[in-house]
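Each of the next two complexes has chain A plus one more chain, namely chain B in the first and chain C in the second.
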Partner chain A sequence: MTPTGRHIPDHLTSPAARALKSWEALLAVVAVAIFILNSMASPYFLDPWNLSDATFNFTEKAMIAFAMAMLIVAGEIDLSVGAIVALASTAMGMAMTAGAGTPLLVAVGLATGLACGAFNGVLVARFGLPSIVVTIGTMSLFRGISYIVLGDGAFTGYPPGFAWFGQGYVVWVITVELVIFTLSALVFGILLHRTSFGRTVQAVGNNATAARFSGIRVDRVRFILFLLTGLMSGIAAICLTSRLGSTRPSIAQGFELEVVTIVVLGGVSILGGSGTIPGVVLAALVMGLVTFGLGLLNVPGIVMSIVVGGLLIGVIAIPRLWTMSRSR
Partner chain B sequence: MSILKTILTTAATASVLMAGAAQAEPMRIALVAKALGIGFFEAANKGAEEAAAELGDVEIIYTGPTDTTAEGQIEVLNALIAQRVDAIAVSANDTDALVPTLKRAMDRGITVISWDSGVAPEGRQMHLNPSSAPLIGNMIIKLAADQLPEGGDVAVLSATTTSTNQNTWIEEMNKVAGDYPNVNVVATVYGDDLADKSYREAQGLMQSHPDLKAIIAPTSVGIVAAAQAVTDAGKIGDVNVTGLGLPSEMAGHVKSGASESFAIWNPIDLGYSATMIAHHLASGEAEAEAGATIPIGRMGEVTLDENNEAAMADPFVYDASNIDEFSSVF
Partner chain C sequence: MQADHRPQDGAAPVLSLRGIVKSFPGVRALDGVQLDLYPGQVTALIGENGAGKSTIVKVLTGIYQPDEGQILVDGQPATFPTAQAAGRAGVTAIHQETVLFDELTVAENIFIGHAPRNRWGLIDRRAMRDRVGAILRDIGSDLSPTARLRDLGIASRHMVAIARALSIDARVVIMDEPTAALSHKEIQELYALVETLKRQNKAILFISHKFDEIFRIADRWTVFRDGQFVGQGLMRDATEAGLVQMMVGRAVDQIYPKRPARIGEPILTVAGYCHPTEFEDITFTLRQGEILGFYGLVGAGRSELMQALFGITRPSKGACKIDGKVRVIRSTAEAVDAGIVYVPEDRGRQGAVKGLPIFQNVTLPSLQRTGRGGFLRLAEEFALAREYTQRLDLRAASLDQDVGLLSGGNQQKVVIAKWLATRPRVIILDEPTKGIDIGSKAAVHDFMSELAAEGLSIIMVSSEIPEVLGMSDRVIVMREGRIAAECSGREMTPENLVRAAAGIGLTKGEAA
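This part shows the complex of A and B:
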């Protein structure tokens, strides 16, 4: 008797079939459908400049969403991102008042973001506090500092060169923000899906205890992720401040929920352990297209938030209902 | 099923396309609120529609963000710029943050004005204030004098000693006090815009000046507190409370007689005038430059000052005859 070699497949279905059934495929279909509906509904939609303007609806939030996606995959969350944007913007305003030029302003924005991220990271990773509690606290703390500094005032008069980040174009209709968005998508996509760090992040999110026993320095991973989220919030703060040309303490109010919405719509499990960066990119596009399309039709903002809420629940519920009906 | 869907989609597409073709190029004026769902702005929209009907060939796009953020308002403005509306009239959530977006709108040939809450001068062609300090100062003493044909003592209940607006209005009031010779301003007290402190200050005024005929409160907190103090002291009919207040908060006191009348801007007139100005600027019938005079239909006309700002009119007077109509609005 010759031993018959038994082939054990890596996957039960072919990669192509899996890709078709994936969350990303669903989102891509939704995005294309919205694109087609929008171009039918409004004669102004298919205009390169208008589409370019529309990207501002999501670029800054999406930059933060990439880092937030990794954080949520690792089973943590950061609700202080909007407040970090406000504090970083306020710090840049103070530096600007002290006479700083554009390079220094950028450095101040990044440094403030990193410092806030490190603060969150230490409280979560070093002292073992739940991230949702810590970041609800720092959400008030960071924004509170901005309010103390600014009160009902504002920083205005940023140097002309600084406007490049939020108002500039690289070529034709491609904005600087769109390029930063694309680059961050690539960096975070590679980081999460193509590096050992990305795999440890997923391991921590799936089972932190098992990950710790496997020799992963769980706290270090968590700290780095908070640092990255702070850094991306700093970058978003630079873009947003540059786009608005001014700082008020209410800047980026409510960003945290919109960022988390993009991440969840992107198919990242809110319980941690799974999620992809391409999914988040598509979710950002869907959100941007929906809000801009409805805006072109002058749909009131209240109806718009109902549509976004319905979209979120619909996209999350439909696959679940589909599986339930098939397993019956 | 799928055939039905196809038919429906085709019909929907066709109707959208036809709607696009049927538009005989009316001038599109966007009235942008600080946020939707606020009575004040809904009333302004009513005024804008009134102006549109009067002008003819004008389409009003009334829109705004869900909450009063600059970021939300910018998304709305971007959508309006993309539609190439003819004019944007905005009540700004942020004086400075809207400037880059509105500059872009002006670069693309859109007329931009602000109303109610202004935008920094480089981000708009003109700003329409609902009223002006001299007009307000005159109105608050006039309201007291109108109810005092025999004359008498009146006192002012203000906000804080450092409230810029109130101080300016009281200063302007004192300038024109000579026009009302029978009215004697005996005191100015400060309730700090706190309901309880304003209430006590109003009580104190009535005790220290037994002949007091009127309390002028140019603050929405103070006027309600003073009316309550007068009611509680049983002095309705003896002491008239007037000044600046909100119809929704003052309706009860107007009906009880504690306040014969008071004033505040009329949002309907404001929306009406903003639309008129936007139309005249967008059609090229008027220029937004210092010293220019722009007609605003039934409201008369406005003249731009050196900052391209204009004051619409006297504050609007609310009394028993119209309070019900406005108390549900704002």
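This part shows the complex of A and C:
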């Protein structure tokens, strides 16, 4: 047939106009507002070294959150990330006791993360089990192994070179972790938004059946995403272990909920199908600023978690209430 | 009310429908139909797929409200605004796929929603067990009231559904293809049960495609065609040929734009395809530029076969060759690579990816071609999407629009555009025009004809006889998972298709 059909424009609203009305724009406003509030509330906030310290509140969790965001966009979830960090840290501790140097420790951390991710991925993608059930199971499993290995004890005495990852600076106040955070944000941003793989992830999250009927290898996509989440958990384990300089079995306890909180706050639909990496970056900044600001004001940890919980529910509920009131 | 409450009175229907109209966007499912159900008699409702049989069942059971027309119970006008109201009026349906609860017992299933209560308002288990026992004895079933449903086979489930119908003192029992999933022995038991129901003076509406059983158990017949009432009468005056003629009815005329295409070399050869449960020993060849129709009743295994060719399921046996080369298709990705694409019938779940914009839907299987080195190139994507959606005359506000906002017909066009953009060898269209409006339907037919003329090979699964006959070069009829007949040329008549699908045997040669 000759192209007789009527012309259909590419867009009705320009992408720039759409970006202005986006969730990310709202988050950016919130981040700036909290920044200003913090600087008014505490005279120490604007000190560059203090700000540099503040980044540790979110860098490790955010690294995992990028991979988690892609997983949740694809309609899956991984609640075992905190336990993967613990197991990877424990494995590094064992390697350290056996005399491994820094390069080998890093390799062990990455390999453990990948192996845990592959285990989750096989159970979900190959055997078709629901990811929430699988990863609640492996959450106990992975951390349980750490407890068996360590008991009440801890691994300490990591080699001095290893401290670079969690305690080092690249230039001035820019920490190594901040650089890793920025690089992973770029990599995951490109992966989700600029590659064919990212597009298939979105398709799978919107409707896995229809994606399969469009010739997409849905199981392979899911497996790769679990693998990536495991890998990022391994990287986070290296940073965290290096920063703390020790491994206890309770390391990174509760990480999974904070990571999921960042992802959801970043505008990723918990039902899958939509979400952006810039949103997750902003959400990580907001979380970091809030906890750091409250810390400067000597607010106790319990109150802090109440504030974070309230923030999450508020940010999620307000747009919903807004659309409900408008549609009435 | 007691089953023998009314004396036997063959002349007065228990339930009558008059002038029932029911429309859905783009389609008039029922157009002034009538139906009469008599106590102690079995009325067979006959019609092709899409004649309006399922819709009338939903009207009778209070699931759909008719736009026009009257429901008369004992000659008095009545309305069934809810399923509960229909139940109170004594209408109950036993569906093709009976809705029962796996984790409950037989007794609980039978009395769910109307269990006998004791004086504390709690379920009176003893009364329930006693009444279930009595009902099961009545229908000659040896099921245990305390058996869990998940442990029962399909036939026993039917028994439970029928017992449930009796437990609410039904006066009208609707059986929608009750024998579709039953073995020969179970069917005999069902017939015996129908006789029991007749003796209890129930009016039975029996929907079936199988002529042998209609002649075996029905007392009266009613024929629907395309949502219209064609006729009714007594079975003893009816002939098979007469009923088939009424079902098929109209002449197949030239509204189908099928152009003669140059049919070339075999493209797809399927040999001995088997599946453990859905189909068996399927062998056929598809040639270049050919439109091969697949006709059959719902449940004949056509979609299952097509999905196996597309890599959704895997055949247990058999081989598939494309362009003379054996291809093993284990996933949809491999099917697309091999040049086989599939436009599914279930558009809601399997069709377009709602939530993604139109252009992303179109380019989803072609990202390797529009992109470079794994990276997306949006300009190329828009260009490809524009080329194919315009070819299909898609109506949309922009290519960036969510595909879920389009009408069903336009979503279908997006799916077809998606596949044409992969430049396939074989395109399988599963009920391509089901539920879409007349205008889009004609456009799809026109386009199919054009694609075939360009040398694409097409498999069209359709349950609409005029469409199958109007568009196909050749027709394969499937029945119960097997190829029942293959017709071409002069053998392609409505009668032959209906007969082969129902297992009666063709008039000229070519039997199952």
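The rule is simple: the second predicted complex is superposed on the first by the 314 of 328 C-alpha atoms of A that agree within 3 Å, B and C clash if a C-alpha of one lies under 4 Å from a C-alpha of the other, contacts with A are read in each partner's own complex, and residues count from 1 in each chain.
Note that in this section contacts are C-beta pairs under 8 Å (C-beta built on N, C-alpha and C of every residue); 3 or more make two chains touch, one makes a residue touch a chain.
This structure is a prediction, so every number in the text was calculated from the model and none was measured.
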**OP:** Would you sort A:Leu296 into first (chain B), second (chain C), both or neither based on which partner it touches?
**Re:** first
**OP:** Check whether A:Gly245 is in contact with chain B, with chain C, with both or with neither, and answer first, second, both or neither.
**Re:** first
**OP:** Pick one for A:Pro159: touches chain B only (first), chain C only (second), both, or neither.
**Re:** neither
**OP:** Check whether A:Arg212 is in contact with chain B, with chain C, with both or with neither, and answer first, second, both or neither.
**Re:** second
**OP:** Go through the superposed model and pick first if A:Gly254 touches only chain B, second if only chain C, both, or neither.
**Re:** first
Original post:
Does chain B (first) or chain C (second) touch A:His7, or do both, or does neither?
Top reply: second
**OP:** Using the superposition on chain A described above, determine whether A:Arg199 touches chain B (first), chain C (second), both, or neither.
**Re:** second
Original post:
In the complex formed with chain B, which residues of chain A make contact?
Top reply: 40-45, 47, 49-50, 53-54, 56-57, 154, 156, 163, 166-167, 240, 243-246, 248, 250-254, 291-292, 295-296, 298, 300-302, 304-305
Subject >> Contacting residues of chain C [partner chain A, same complex] >> reply: 310, 312, 331-333, 335-336, 341-342, 344, 349-356, 359-361, 364-365, 367-368, 371, 374-376, 382, 386-387, 389-401, 418, 422, 447, 450
Subject >> Contacting residues of chain B [partner chain A, same complex] >> reply: 12-13, 16, 20, 35-37, 61, 63-67, 69-72, 74-76, 78-79, 81-84, 94-97, 99-100, 120
Subject >> Touching residues (chain side chain A, partner chain C) in the complex >> reply: 1, 3-12, 194-200, 202-203, 206-207, 209-217, 273-274
